[in-house]
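Structure, as structure tokens:
Should a chain be cited, it is by its letter among A, B, C, D and E, assigned in written order, with residues numbered from 1 in that chain.
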Amino acid sequence: MKNRSWAQLIAPLILLAFPLFVDSDYYRHVVIMALMWVVIGSSWNLLAGFTGQVSFGHAIFFGIGAYSAGLLKMHLGLSPWWGMLLGGPMAMAIGFVIGWICFRLRGPYFALATIAVGEIFHLLFKYFNNFTGGMEGILIIQTFRSKLPYYFLALGLAGACVLTIILVMRSKWGYYFISIREDQDAAESMGISAFRYKSLSLMISSFFTGLAGAFYMNYMAFIDPEVVYSLHYISIMAILVGIIGGVGTIWGPAVGAFIMVLVQETFRSSIFGLAPDWVSEAHALVFGVLVMFVILFMANGVVGDWKKITHLFTGKKQAPSTNGSAA
Amino acid sequence: MSFFEAIDITKHFGGLAAVNDLGFEVRQGEIFGLIGPNGSGKTTVFNLINGYYPLTGGNILFEGRQINGLPTWKICKLGIGRTFQVVKPLRRMTVLENVTASAFNHTGDLKVAKAKAEEVLDFCRLGHKKDFLASGLTIGDRKRLEIARSLATSPKLLLLDETMAGLTPQEQGEGVELIRKVRDSGVTIIIVEHIMRVIMNLCDRIMCISYGMKLAEGLPEEVANNQDVVEAYLGKE
Amino acid sequence: MDVFLQTLVSGVLIGGIYALIGIGMTLIMGVMHIINLAHGQLMMVAMYITFVLYQYLGLDPYVSLFIAMPALFLLGAVIQKLFLNPLLKVDSILPENQVLMTVGIGMVLTEIVRIIFGSDYKSVTTSYSGSVMYLGDIAFNTPMVVAFGIALALTAGLFYFLLRTDLGKSVRATAQNKEAARLMGVNAERITVLTFGIGAGLVAAAGTLLLPIFYLFPDIGGHFTLKAFVITILGGLGSTVGAIFGGVVLGIAESFGATYLSMDLKDVVGMVIFLLVLIFLPGGLKRLTKI
Amino acid sequence: MLEVKNLNVSYGDVQVLWDVNFSVAEGEFVVLVGANGAGKSTMMKAVSSLVSPMSGEISFNGRRIDTLPAHSIIGLGLAHVPEGRQLFPEMTVKENLEMGALSPAAKLTRKETYQKALSLFPRLRERERQMAGTLSGGEQQMCAIARGLMARPKMMLFDEPSLGLSPVLTQEVFRLVQKIHEEGMTILMVEQNVKQTLGICDRAYVLENGRILMQGKGKDLLEDQKVKEAFLGI
Amino acid sequence: MKRLLTMTLACAVGLAMLSFLGCSSEQKTEKAEKAEKAVVAAPAGDTVTVGIILPLSGGQAKFGEVEKKSFDMALDEINTAGGINGKKLVFMYEDDTGRPDVGRSAAEKLINKDKVVMLGGGYSSSVTFAVAGVAQQNRLPFLINTGSADKITEQGWEYIFRLNPPASEYPKAVESFLTEVVKPKSAAILFENSNFGTSSSKEFNETCQRLGIEVVLLEGYEHGGVDFKPLLVKVKEKNPDIVYMVSYLMDASLLMKQSKELQIMPKAFIGGGAGFTLPEFIENTGSAGNAVFSATLWYQTLPYPGAKEYYDKFVKLYDGPTEYHGAEAYAAAFVIADTLKRAKSFSAEDIRQALAETDMTTVFGPVKFKAYDTKTNQNDVATYMVQWIDGNLELVWPETHASKKYMYPIDWAAMWGK
């Protein structure tokens, strides 16, 4: 217990202090992106890792959040910051409807349905360009020139998201989520309405993903359907972030997000310009290989299989785990 | 008003009748045994009672209220708990977490639920293993966990599905004792069991079914000596 | 009337290629019970093989079939053996582990191709690429008709294999009841490797046949992966007949969607049908027709 | 012919069989009886390598088989007719039967064996082209047995062939098993249907809670009070 | 314990990597500078760095490469001629991969980390729009040479300058051609559902309305479709006088090939730039692409000083043809050099001032940034029309500049056969 609270203290402290040590806006930008991915990855993980419903459609909520902010500006001339208020609830509402449709399906069928819904959103937002701006996209001018407000906002969002998940997972809902993941039939016979709690999980998850989307609009200042509803760059990335860090662990997606963003940035800059140019083209490849490696050898991700990793280095044999906590 | 009543319940899978016009009544506070050869439809009956399968025909009344058509979790909330023949431990949760999840049935408070879970675990003599992952339990403990989890929902009626199968004789003895204790705490029980020694020992009344139909119903000795029942079990000569 | 007929013809012809994509996927899904999200990427690799053979050796794409298909068969078999089968023994929280692995495999294949060939569009223009046959006013693009024909032939070949040969029967047996198949002396693991290989080989054929009329770039795979699982679910999981049916239905639906709604919404039509079938008709169109 | 020594089997952390010893001699008809959950099916699966034992040894004709993969067992001449039939539901009866004869040796004589099997089960001849999934329970059981015969095995394992069958059909199935035995087949069968099986077998073992409780001649066991207790709890 | 370790490790690794990034990037610039010093004998340490954002990978990489080569060619000439008042000009390229979010990151990096004095490049409309937002916000001049969505110069952004015309003006030459030669009554407009495609088609739709041409079909499509026949069959049914298409290379080829299959024979097929002017277009389509018109911004035979020389030199140097995108980039490089030479200092404000006062002639034509209509800092460029005649791309309109007489009316049946 003591160690856990240590970790919970140290992580935010390091991140809080980070801008003090690093004043390059570029590196701050990298960490801001990582923090945004912490939110998306953790939200996805709440639904997939803890509740067992693998979504391939988190771009939907990200997009809804981003467009909530963007459309306010485009149609009403309101500051996109209002989107930070509207984006979450909108995504949540859409999440509820999608859950209502898709939770009839289990396992891989649910996953497939979310891909389909995601693509439908993607294409419809492109098609109704009078309303959404279509592929011309929505562009705003950032409110702040400094990175600091965005940095702390992203940090706050990530903190709020992780904290909410910690709290939820310690409550009745958390117990119910995991029960549904472990065995839906058993859960039903324990008095748990699988449908209701899957929906709740999806709503929390979509709420934070929507917030991340609204943040993206404000920070990146440009969106179009290809960017925010991207199956590959948002939905699947969210999954890969979760997998690399560790599905079903509180901190896994956070770690995964940092790994993903750092690997991609490192390789995109050709390992800081030290390596030949072609290396920069390999950034997605390296990440793909990393994903395959993790799935093959660390099924529970970096955080979930932490013991396995440390034992690899210390040479200790892995002790059979007879106890431990799932939450 | 009877405590629990199944009226002419029928279940077809495809064209096949797994349960056919079966009617029985369970009185409050008794242990009611449900026996029959393999594949005779006992587990199907349980699945019908707790709403896992919809009925093809008939009605199920619990405390005078019709419960067929309700979803499983609602039936559980009304006070019918069940265990599974093939145990369904929530594998990546500890024993305590398993039972706590179920103890939330009538409370939203973690402390209350945990306290209730600890109490139930002690009652089931699983307290010393509460921090074990459910996947690491022996079969005996898993069956106990299954009972503990259903007990934690505070049921009025408990459906036990072959909780003794695969246990050592000693474990069976402990199981019988546990089930008695449960009944004595005021829970009505319907038990499906293959091990006749257990059934004969435990039950107040027994019903034997075969091909989804009732063969006999009555006191244990009566049923055990019923010619149809003997034939169904041992086969005709 | 011409509009209607031309739309129908286009739909059916493209449906033939879709069917070929879908059959490979449905085989894999039926036997391994996983969704192969790298299916389109395998097709993309086959297209590049065909492209290279055409560009540097001047091989006609139809001749390349005999190289691309075996090559992809090998690639598929290797993927199954090295990356998917080992996962059966891994205990992870998400049961969809194998599916996620295919996502990773798809990514890696795409990126390797990107590094080798760049992101540029490539195409193969043969003498017959633009040739057309006419029936009244209705145009039949010759390479597409040929592709349709070869798709039919390959399907027939597959059916012969599955229905008439012991190995094919073993594949079906493994899909229907793995344990019983093992009792009959079927090496189930080898069958999964074989099946993934065949599935990859079939989608390779689809890619090769598409090349004279289409073009290619590394990201083309994702597009066809989506199509593949739509077809498979439409046709009913694991049903080869269903996949053919699903492919043609999707082709026609898209075609009509494009003509009578909007070309923009072509893919939406496919996705909506897919979602409706998934939710309201589990088991796919097969259920309606009892094939 | 078949020898099982000190066999311990567990599923995950759950031990199902404890120190089981038994043997079947050539030409013998041996039955394992026991109530549900006694470990009978696990026993059968262990013999055909579908589950691998924790410890102990299984040998067939003097050759150790517990370390072999499941798919190589049938080639040694040991056919398993599994519990619940386990047919291939979307294949025809004929195809199901052909699946029984995949080994090179069995393949050579596939056509003859097929005719022979059909003569044993005339009902199947009528259903030759029908999907196995659409057969009735009794027909399915016959199909499963015929499929086992197709391998031209030296020994056959039957796992609860009477499961889910009406008494008349059960009798019919047992009659067939007996007939197969009379033609010289070595048989190991697992059953719940105590009275009938003990009546037709040579020897029997009673399995309870994963352990062998007793063994002896079928007819002797039938009279034994302990057996009755084990099954009826009287 | 596990979580503590994980978190601290993650943070530590992260920070270590970042600080490493920091150090090594310094090393990089040092290294780069050293390398440059070795090559060119420019005054010690004096370089001016301009950031260029182009799609060097991804679907648009083909054009990105052409532009990069043109930039490099121009850079070489500029530095050989003495650089920027004795200082050496350096172009620092960043790959936007064709995605706006990546383009934005690239701009952030160039502005904040590499401290470039101004930005250039900007290929796709979306990316350019996103990058322009960053530049304007950071008050750093950005000279756009290709990104053409009208919106970009309609925001009143004083730091954003555009060398090329906005998408709505691409078909200016087409417009006069239509009114003077074709005189169509109806048109079908097909476009790829991308930023460029949508905005171009919108503008052309308005043009048609202005000219009294009835638009019988206005429909977008998703990139990546195999079969355009469902779309084309509608075109055939409506039988418009002209078909206007805004498509990228491969879709452009497919559209023309399938139009031929369906025997669609309007008075003219007109491409809205993009894919229709590339050599690959005619390679892919063969006879189906013949006689197709396209709007364009530049042609090597235009009487601008250096135009032909640029074209020949490029072909010689890189062994491949170039087209208007390359000319835009080449011209932009000289505008940048000219601006920097005139700027009082390399402060953003002075550069902006100098850029605004630009008045020069390039291979791309005269460059002068003005405010007109709703646009600001927009170069007003003449546009042209080309046509594929017997496998060659020829400038056909305005007739005064034509390299060959346009081919019209067109006898499709004779050309295509049946």
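Heads up, the rule we're going with is that a contact is a pair of C-beta atoms (placed from the backbone, for glycine too) under 8 Å apart; a residue touches a chain by one contact, two chains touch by 3 or more.
Since this is a predicted model, take the numbers as computed values, not measurements.
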item: Between subunit C and subunit D, the fewest steps along chains that touch one another; value: 1
item: Count of contact steps on the shortest path from subunit D to subunit E; value: 2
item: Remotest chain, subunit A as reference, centres from CA atoms; value: D
item: Inter-chain centre distance, subunit A versus subunit B - centres from mean C-alpha coordinates, in Å; value: 42
item: Centre-of-Cα separation between subunit C and subunit B, whole angstrom; value: 48
item: Whole-Å gap separating subunit B and subunit D, where each centre is the average of the chain's CA atoms; value: 31
item: Rounded Å distance, subunit B centre to subunit E centre (Cα mean); value: 73
item: Touching two or more other chains - residue numbers and ranges from subunit E; value: 57, 193, 220, 222
item: Contacts with two or more other chains, residues of subunit B listed in rising order; value: 92, 136
item: Residues of subunit C touching at least two other chains; value: 93, 114, 262, 264, 267
item: Full enumeration of touching chain pairs; value: A-B, A-C, A-E, B-D, C-D, C-E
item: For the subunit D and subunit B complex, residues of the former touching the latter; value: 12-16, 35-37, 39, 160, 162-164, 166-167, 170-171, 192-197, 199, 209-210, 229, 231-234
item: Residue numbers on subunit E that touch subunit A, as the complex places them; value: 1-8, 10-11, 13-15, 17-22, 24-25, 27-28, 31, 57, 95, 99-101, 104-105, 108-109, 112-113, 125-126, 129-130, 132-134, 136-138, 149, 151, 155, 193-195, 197-199, 220, 222
item: Residues of subunit A touching subunit B in the complex; value: 170-172, 175-176, 178-179, 182-183, 185-194, 248, 320-327
item: Subunit B - residues contacting subunit A, complex; value: 50, 52, 71-74, 76-77, 81-82, 84, 88-94, 97-98, 100-102, 104-105, 107-110, 113, 131-133, 136, 149-150, 153
item: Touch list for subunit C against partner subunit D, complex; value: 166, 169-170, 172-173, 176-177, 179-188
